[in-house]
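Across the two complexes that follow, subunit A remains constant while its partner is subunit B and subsequently subunit C.
Here is the complex of A and B:
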């Protein structure tokens, strides 16, 4: 293990590995990535694995579209032969009120400014996309054919391998114990394997990013919340897009592997680190899914699990350098959509760390909360 | 019979050669092998393939089986139909 590094990245999920790759690609040497367990063992490996470009703010659409460009050209961009199982069969968003339909209408206008090929659909058109969809009570929806899915485990592995090839040292089963800050500057990281001297730390610890902040004396405005999910046995391909509704509160997709993955946002979930699965989730999920997508009734559920959403005050990512502790960078608070924008976030963090102008004109800094400039994204689960 | 093509994971059709290649690459934990290959994510939840893969890891690394085999069985522990879950719900509303 190196005892000196130019940058220490904390977290071996998609954000940490994507940042490691982006930095190394720009020629930064002596990067160390520290992961407490294994690659994608936290939220990345537990997520719904969807990639959506249908957002309601220009900035989110931009980050999603730029990330999708990377997912589309993954092997070329990373120089890898790993196939991340990208599926672009769309996201079908369902509307159950005029208000929701109006929101989709406004969102589609924003998306079109960025050439995201989304459109509004009627119930009849929705049924053409998913023939067995129960359109009862539905007013219509929105559809973007280039949205889709990728395998988070393989994407993370590919980023990690590409980073290692460029010289990044990845330490697994290694835990950050403390961070040394002197005169508001990062001086080093104490790990379970020893001390690493560095003046730059990247907090990409997902569900545990608040703790990493505390180690540097920072109270970051994020907390973790359990979200549950389940998967069925694989069946023949019958459903093209991710089907999602904010008001009915569900997302459900069939992966290229054939299994259906689905979840919904919990009500009154306490803050914390509990990732146990519950029978309440199983029942509610079964009820929701069977009503909306009736053929699911005869499918077999094989696993349920949970992961942590790292929530920020406006449910939007925080990607910046701390204004209090110099050299403390963070990519945190993704609030459930970290995987799909990780390629763009890795680029932004590499911009910040190398002192380059941001590749895209976005505002994701922590200071936005003090300036009361929270991001009003209407379309989050 | 080609030994390398022996199926280790019957749920996901993964052969021993795939597992051995990963172990050679340094992927030496059940969790990591599961994430990369889906071994253990199928209907059997690793009850069949888990011990076999653990033995392969043990042979390569010399690590004791007990240390490798930390089975994480996910509910519902055996495949269950959505319909069966729905039938089990008491409709009190």
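Here is the complex of A and C:
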């Protein structure tokens, strides 16, 4: 293990590995990434890994579209032969009220400014896309054929391997225990394997990012919340897009190898780090899925689990350098959509760390909360 | 939501025993069993169980389970749900199970998990060919469904399971081409090894499998000898023809359900691998969660029954305090300690001391001259000399020869002598010692020995004729005055004899007691007969 590093990245999820890769690609040497367990053991390996460009704010559409470009060309961009099982068969968003339909209409306009090929669909068109969809009570929806999903384990592994090839040292089963800050500057990181001297730390610790903040003396405005998910036995391909509804509260996809993966947002979930699965989720999920997608009622569930959403005040990511502690960078608070924008987030963090101008004109800093410039994104799960 | 005091998951001996103990203590118990009937491993054990008579040893596994079923059926407050698979134990104490294709929910006050174990696999070339079986699967096919999976079988592993399944395969009409064992010594009880040696089955210690041969099914195997460091000896490969390879290389506790419940584990190879951490009363780190049986450590049915009882009593004590259950709990713990106190309990003892940190008392090592026997499964003349009466006594009356040379926790013989001629044990691991002044050679003990290691010899008559009486568990049964082949301890035919009596009453429970008249020079060699097939 190195005892000196130019940058120490905390967290081996999609954010940490993507940042490690982007930094190394720019020629930064002596980068160390520290992961307490294994790669993708946090939210990344537990997520739905949906990639949606159908957002309501220009900035989110941009981040998602730019990230999708990377996912589409992953092997080339990373120089890897790992296939991340990207399936681009679209996201079908369902509307159950006029208000929702209006929102989709406005969103599609924003999306078109960025050439995202989304469109509004009627119930009949929705049924053409997913023939067994129950359109009862539905008013219509929106569809973007280039949205999709990928395999989060393979994506993280590909980033990590590419970063290692460029000289990044990745330490697994190693925990960051404390961070030394002197005169509001980062001096080093204490790990379970020893001390690493550094003046730059990247907090990419997902659900545990508030703890890493505390280590540097910072109260970051994020908290964690359990979200559950399940996977079924694999069956023949019968459903192309990710089907999702904000108001009915569900998302459901069929992976290339045939399993269905699905979840919904919990009600009244207390803040905390609990990732136990519940039987209540099984019952509610089964009821929801069987109503909306009736053939699924005959499928067997093979596994259920939970992961942490790291929530920020406006449900939008925080990607910036701390204004209080110099050298403390963060990519946190993804609030349930950190996988799909991770390639762009890695690029932005690399911009910040190398002192380059931001690749895209976005506002994701912590200061936005003090400035009352919170991001008003209408389309969050 | 179904409610009850105690939920028991798994209807093997451990689970049933827990349900019975808790039921007798007045708890409302629900017992879930995945299969369509109770019994776990016992449902396919057609052999007589070794172990403690108090725990029904000496009877066949399938008979033990009938007894247990009767006992549990009499308890009105114990409900049994068959064909019900427990799916999860959740953080709020609710368990889910699959019954008739539906998920049911149960909210008990406490849970005993007794899900048993699953078989280990072995890496070798072509191990995915049809014809490579687990020993448990072979036993299930053969003893539950009446299907013989193959004709010529190679058994991998000489633990009790490998030895017993080999014996049962021969009973079912198959041929076992050999039992191989990587260690230099036979792993299972030597009485079981001797039982298959005298059927002519070779045992190869210090030997392992390299690969299976065959295109679309097994047709043979390549084996290789190992040196004392378990390294392959170059050039020592040899091949055998067989149409099935049966793996009996150990079991792993089935811990999945516990993993979800937050139970902590420790890797202890002596106990079977990843095992739940628990205290002496079978309590885990999760409140109200208890375990028992092979899930807690790979042992045998006697231990499973005792641990089950302990877990059931612990749960009862927690849910309904005020009952005086401590005395019985202490008694059960004492039984368990005694069971594990002998030389074959060494492994379990060291495993348990790793688990609890407390050292179990080691008995003073009694040296047995069984080195040769543990390599071959064949008793030496020196072994034999130690269990025979003196020449004068031989002439006066018939006598029993108990060829049990290894200290194992097993005591049915002591309880089955009508004359009290087998000295009472102070410890279940004691070796049987015959008091030849009391022994009449009546042969009552023969059919009760789970090792089939007892024979009686009658050499009182003058002339060259003598009689040997031995247990016989094969078909066809011999008939009186029939001439049969005489086999020695290695299965070699050493002559012929005439059957003088065949005892096959229901009480014998299929262990036929056969007396054969043979040449007197052969009385200490003949240990098996073979019915000559008439063409």
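Quick note on the criterion: the second predicted complex is superposed on the first by the 381 of 381 C-alpha atoms of A that agree within 3 Å, B and C clash if a C-alpha of one lies under 4 Å from a C-alpha of the other, contacts with A are read in each partner's own complex, and residues count from 1 in each chain.
Methods note: contacts are C-beta pairs under 8 Å (C-beta built on N, C-alpha and C of every residue); 3 or more make two chains touch, one makes a residue touch a chain.
Being a predicted model, the structure only gives us computed values, none of them experimental.
J.: Of the two partner chains, subunit B (first) and subunit C (second), which one does A:38 touch, if any: first, second, both, or neither?
T.: Only subunit B; A:38 stays clear of subunit C.
J.: Tell me the contact category for A:187 with respect to subunit B and subunit C: first, second, both or neither.
T.: A:187 contacts neither subunit B nor subunit C.
J.: Using the superposition on chain A described above, determine whether A:296 touches subunit B (first), subunit C (second), both, or neither.
T.: First partner only, subunit B.
J.: So, A:326: does it touch subunit B (first), subunit C (second), both, or neither?
T.: Neither partner.
J.: Name the contact category of A:119: first (subunit B only), second (subunit C only), both, or neither.
T.: After superposition on chain A, A:119 lies in contact with neither partner.
J.: With both complexes overlaid on chain A, does A:282 touch subunit B (first), subunit C (second), both or neither?
T.: Once the two structures are laid over each other on A, A:282 reaches both partners.
J.: By residue count, which of the two partners contacts subunit A more extensively, subunit B or subunit C?
T.: B
J.: In the superposed arrangement, does A:25 touch subunit B (first), subunit C (second), both or neither?
T.: Touch partners of A:25: none, neither subunit B nor subunit C.
J.: Of the residues on subunit A, which ones does subunit B touch that subunit C also touches?
T.: The answer is residues 277, 279, 282-283 of subunit A.
J.: Inside the complex, what are the residues of subunit C that reach subunit A?
T.: 88, 90-92, 94, 96, 103, 105, 260, 262
J.: Which residues of subunit A touch subunit C in their complex?
T.: 274, 276-279, 282-283
J.: Across the complex, what residues on subunit B touch subunit A?
T.: Touch list, subunit B to subunit A: 29, 31-32, 35-36, 38, 41-43, 45, 74-76, 79-83, 85-86, 88-89.
J.: Given the complex with subunit B, which residues does subunit A contribute to the contact?
T.: Residues 37-41, 45, 153-154, 157, 231, 233, 257, 277, 279, 282-283, 286-287, 289-290, 296-305.
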